[in-house]
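Each of the next two complexes has subunit A plus one more chain, namely subunit B in the first and subunit C in the second.
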Partner chain A sequence: MHPAIEVVKLKRLFRKKQARRSWRTVVALEEIDLEIQEGELFGVLGPNGAGKTTLIKILATLLLPTSGQAFVDGIDVVKDPRAVRRRINMVSGGEHSGYGILTVRETLWMFSQFYGVPGKVARERINELLRVVGLEEEANTRISRLSTGMRQKMNFARGFVSDPKIVFLDEPTLGLDVGAARDARNFIKSWVKDRPGKTVLLTTHYMTEAEELCDRVAIIDRGKILACDTPENLKRRVKKDSIFHLEVAGLDSWEGLHEIAGVKQLVSTPRDGFTELKFILDHEDVLPQLLGKITERGSRVLYMRKTEPTLEDVFIELVGRSLEVDTAER
Partner chain B sequence: MAVSVSRRVREGFGAFRTATRLGWQIESNWADPLVFAIYSIIKPVAASLILVFMYLVITRGKAGTELFAYIYVGNAFYIFVGGVLFGISWAIIDDREHYEMLKYIYLSPIRIYIYLLGRGMARLFISAISVAIALSFGALLLKVPLRITAIDYPYLFAGLILGLGGVIALGIILAGVCLITARHSWGISESVAGAFYLLCGVVFPLDVLPRWAQAIGVVLPPTYWIEAMRRAALGEEVAGVSQVLGRFSNSSLLLVLLGTTAGLMFISHLFFRAAEGRARRRGLIDQRTDY
Partner chain C sequence: MSASGLVMNLRAIWARAYVRVVGANRELSWLFFDTFLPLLGTSAYVFIYKAMKAPPEFTGFVILGGAMTAYWLNVLWNMASQFYWEKEQGQLQLFLISPTSPMVILLGMALGGMFMTTIRAGSILILGSLIFRVQFTVQQPLLLALLFFLALAALYGLGMLFASLFMLYGREAWHLSNLLQEPVYLLSGLYFPVRGLGFWVAAAASVIPLTLGLDGIRQLAFGGAGWGFLAPEYELALLAFLSIVFIYFARRALRFMEELAKREGRLTLRWQ
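Up next, the complex of A and B:
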C-alpha cells in the first residue's frame, strides 16, 4: 500500500526581484523527503518562511516543484493534478477570502457541487459543518457581512464540505479566537479519528497545536526538515537537558551568557519591563554560574522555573532560536 | 478511484450550473433588479446612438441606407464579443484579485473551462438581451430593414452557435493571458475587443483597411461571424458591401467560420494549458498582485 503523501527530494526555488534586472534566488524547499501514512494527523512545524506553505501548495497542485517528486494517494501531483484534486481539499488560515455576494450556505453549497457531492448528502454535511464551526445563525448571511473570524470559520467548513480523503490545513487556526481555535482543533481530531483512512497534513507555528493534535511532527526551517518524529520522541531529544525559564529585569545585554560552558541554547524575548530568557543547559550545575553572571550586571531575576521539555525546546535546540521570536521578527 | 463517464458528465453539468449561478449573482449584484434592468436597456441603446450620430454627421443625415444597416447590425452583434470576452477573462482577475478564491476553484476537481464558461454565461445572457434591444431599436426607430419574418433563422442560429464558440475560445485565450500577467490584466479584454472591433469589419468593411490589417481580419472567426449575422438578419444582398467577404456564398461563409472557430478552439486549448503550466511554475494562481 502506498503512503497517503510521499515527497522525494522535493525542491522549490523562487526568484525574487531585488532591483531592476537584479534577481535573487530563494530556496523555499531544499530536497526534502517525507512520508505520511494513511490515517495520520501529521504536523509541519516551523516559522514563517520555513517552506510550510510552499510544501502544501505543491501537494495541492497549485505550484510546481523545481525538482523532485510529490505523490498524493500514490498519484504524481505534477503528472495528474486532476486525479489528485478529487482526493484533496485545503484550508488556509488567516484569510478573509470569499464571494461577498453569496451567503455562507450558498458558498458551501457551491463548493459541494464543484466536488460533485450529491444534493442530499451536501445539505446534511453543510448543516453539520455549520454547527461545528458555530455559524448556524449566520448560514443565510452574506459573506460580505461576516467578520474576519467568521469568514475564516466558513473557509474552514469549506475545506471539509467535500469530505476529502486528504486535507491540507495551512495554519488553520491563525486569527481565530481562543474558543473557535479550540473547536477547530477538536473537530480536526475527531474528523481523523472517526473516519478511518482520512489523512491530515497540518502546518502551524503554534507548538501547542502541533503537540496536541499531531501523531507525528516534522520540524522545518529554511526549507529543510530538521527532525521528524512523534512529539514524545522529539521531546525525548532534550529530556536529558535541563530547561530553565527566567524573567529578568534590567538586562541590557545577554552577551557572554552563551559562552558559559554547559549552556546549549539561549533564547531571549524582550517583554514589557523585563526580558524572558530560556536556557537549555547540559546539566543543572551550570545554573549558579549563570545566575551569578546575570546579577553581576545589575539585573534582577524576577522569576525562575524549571520546565518540562516542549516542542518549542526541541525547536530551539535544533534551530538555535525561538519560534515565537523568529515568527515575530519576520 | 476511477470515475465513470456518466458521473463526470453529471458532475460537470452540476458545476457548470453552479458557476453560471455564481456569475449571474456577481453580474447582477451591484444594483437592485429594476436599476439593473434599466441599465441593461440603456447601455445598448446609448452605444447604438453614438454610432448612429457619428454616421449621420459623416454622411450628412443619410440614414436608412444599405451601408447604415450593414454597420448597425454588425455593431449590434458585436456586443456579444465584448461581453463574452470580458465575462470569461474577468472571472480569472475577479476570483484571484478580488475574491481571492481562484486557488480554491483550482484545487477542486471541476474543469476550469467549465467554470470559466459558467462564469461567462451571465455576460452572454446580458449581451443577448442587449443585442435584441439594439436590433429592435434600430428596426423600430432608425429604419434598419429588419423584418422578423424575413430573418433566416436556421442560418442565424448556426452562425450564432459557431460564432459564440469562437468568441468563447478567444475568451479562454484571454483568461490564460490574465492568469500569467498582473500589471496589465485589467485592460487586456477591453483592448482586444477594441482591436477586433476594427479588424473584424464591424463598422468598416474589411476592404477599407490596409492590406496587413485585412490579412489579420480574414483569419479571425468574428469577421465571418458578424458577416453571417448580417446576412441572416438583412438578407444576402448585404454581401455586396464588402468585396473581400462578398466572394463567399452563405454556406461557404459558414464553413470558413466553422474552420476558423475549430482552429481557434484548438489554439485556445493549447495556449490555456501552457499559461496554466506557467502559472503553476511561477506560483501565480493564488498570487494577489494588487495593481
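Up next, the complex of A and C:
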C-alpha cells in the first residue's frame, strides 16, 4: 500500500528580485524526503519562511517543484494534478474565501459544488460542520458581516465540506481566539480518529498545537527537515538535558554565557522590563556558575524554574534559536 | 468526460453563476448605479443627435449602444480582471485545488454575468426606449436573437481569454482593463454606426465582438438602409467564428498560464 503523502528529494527554488536586473535565488525547500501514512495526523513545525507553506502548495498542486517528486495518495502531483485535486482540500489561516454578498451556508454550498457534492449530502454536511464550528446561528448571515474569527471558522468548515481523503491545514488556527482554536483542534483530532483512512498534514508554528495534535512531527527550518518523529521521541532527544527558564532584569548583554562549559543552547527573548532566558544545560551542576555570571553583571534574577522538555526545546537544540523569536523577527 | 465529471462541472457552473444570479441582485443599489447612471450618459448622445437633427433611428442606436455597454463593462471588470481579484483575495487557489476545471469556473462567471447584465441592459433598453420613444421595426426576430446570443458568446469568450491572461499578472491587469475601456466605446461604435469609421478600421474593430453584434442588432431592429457595416448573416457567421476562436484560445491560455504561474510561483502571489 502506498503512503498517503510521499515526498522524494523535493526541492523548490525561488528567484527574488533585489534590484534592477539583479536576482537572488532563495532555497525554499532543499531536497526533502517525507513519508506520511494513511490515517496519520502529521505536523510540520517551523518558523515563518521555513518552507512549510511551499511544501503544502506543492502537494496541493499550486506550485511546481524545481526538482524531486511528490505523491499524494500515490499520484504524482506534477503529472496528474486533477486526480490529486479530487482527493484533497486545504485550509490556510487568515484566508478570505467566499463573496461578501453570500451567506455562510451559501458559501459552503458553493465550495461543495466545486467538488460535485450532491445537494442533499452537501446540506447535511454543512449543517454538521456549522454545528461543529459553532456557526449555526450565523448560517444565514452574509459573510461580509462576520467577525474575523467567525470568518476563519467558516474557512475551516470549507476545508472539510468536500470530505477530502487528505486535508492540508496551513496554520489553521491563525486568527482564532483561544476557545475557537481549541474547538478547531478537537475537531481535527476527532475527524481523523472517527474516519479511518483520512490523513491530515498540518503546518504550524505553535508548539503546543503540534504537540497536542500530531502523531508525528517534522521540524523544518530553512527548507530542511531537521528531525521527524513522534512528539515523545523528539522530546526524548533533550530529556537528559536540564532546561531552565529565567527572567532577568537589567541584563544588557549575555555575552560569555554561551562559553560556559555545559551550556548547550541559550535563547534570549527581550520582554517589557526584563529578558527571558532559556538555557539547555548538559547537567544541573552548571547552574551556580551560570547564575554567578549573571549576577556579576549587576543583573537580578526575577524568576527561575526548571521545565520539562517541550518541542520548543527540541527546536532550540536543533536550530540554536527559539521558534518564537525567529517567528517574531521575520 | 465521464458522466460524474459532467455532473460535477454542471454543479460548479451553477454554483459560480449563483453568486451573480442571486447574490449580486441582493443589494438594490444596482438599480441606481447600473441603470440610472448609464442612462444619463446615453441621454447625452441622444440630445446631441437630436440637436444635429439626425434620423430618428439614431436615438435607438444610442439606446442599444448604452445597453450593450453594460455587457462590455461586465466583461472587462467582472470577467477579465476577476481572476486577478480572486488571486488578491486568496480565493483563486481555492478554485484551483478543486477538481473542477478553471474553465468551468469561468463559464459559471460568464453565465452568471450574462444573466445579471441582461437585467441591467434590459432595464436601460426599456427605460431609454420609453423615455425617448424609440420605434423598433424588428425584422427577422430569430436572426436578431441568434445574433445577440452569438455576440454575447463571443464577448464573454473574449472575457474568458483575458481572464486567463490576467491570472498571471497583478496591477498590470487592472491598468490594461482601464486602457481597454474607452477605446472600445469608440471602435465598436457603441454610440454611432461603425461604418462611419471607414471599412478598414471597422474591419479591424470587428475583432471586438461588440462591433459586429451591435451593428447586426441595429440593422435587424431598425432596418439597415445604407449604414450597416456587413450583412447581418455575415456578421452572424463571423461572430460564431469569433466565439469558437476565443473560447478555444481561452482554454489553451488558461492551461498555459496556470502552468507558467505554478512554475514561477505566482499563482498564489498577492499584492503584486
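In this section, the second predicted complex is superposed on the first by the 328 of 330 C-alpha atoms of A that agree within 3 Å, B and C clash if a C-alpha of one lies under 4 Å from a C-alpha of the other, contacts with A are read in each partner's own complex, and residues count from 1 in each chain.
In the analysis below, a residue touches a chain if its C-beta (ideal position, glycine included) is under 8 Å from a C-beta of that chain, and two chains touch if they have at least 3 such contacts.
In this text the structure is predicted, and so the values were computed from the model without any measurement.
**Student:** After lining both complexes up on subunit A, report clash or fit for subunit B versus subunit C.
**Tutor:** clash
**Student:** So, does A:K57 touch the first partner subunit B, the second partner subunit C, both, or neither?
**Tutor:** Touch status of A:K57: both partners.
**Student:** Would you sort A:V301 into first (subunit B), second (subunit C), both or neither based on which partner it touches?
**Tutor:** It touches nothing on subunit B or subunit C.
**Student:** Just which bits of subunit A does subunit B share with subunit C as contact spots?
**Tutor:** In the superposed arrangement, which is not itself an observed complex, subunit A uses residues 14, 57, 60-64, 82, 85-86, 88-90, 95-99, 101-102, 109-111, 113-116, 158, 162 for both subunit B and subunit C.
**Student:** Residues of subunit A touching subunit B in their complex?
**Tutor:** That would be residues 14, 57, 60-64, 73, 82-83, 85-90, 95-102, 109-111, 113-116, 158, 162 of subunit A.
**Student:** For subunit C, which residues count as touching subunit A in their complex?
**Tutor:** Against subunit A, subunit C makes touches at 4, 7-8, 11-12, 14-16, 18-19, 22-24, 26-27, 89-91, 93-101, 105, 259, 262-263, 265, 267-268.
**Student:** Over in the complex, which subunit A residues touch subunit C? Could you list them?
**Tutor:** Of all residues in subunit A, those touching subunit C are 12, 14, 57, 60-64, 82, 85-86, 88-90, 92, 95-99, 101-102, 106, 109-111, 113-117, 158, 162.
**Student:** Spell out the part of subunit B that touches subunit A in their complex, as residue ranges.
**Tutor:** Listed in rising order, the residues of subunit B that touch subunit A are 1, 3, 7, 10-11, 14-15, 17-18, 21-22, 25-26, 29, 99-101, 103-111, 115, 277, 280-281, 283, 285-286.
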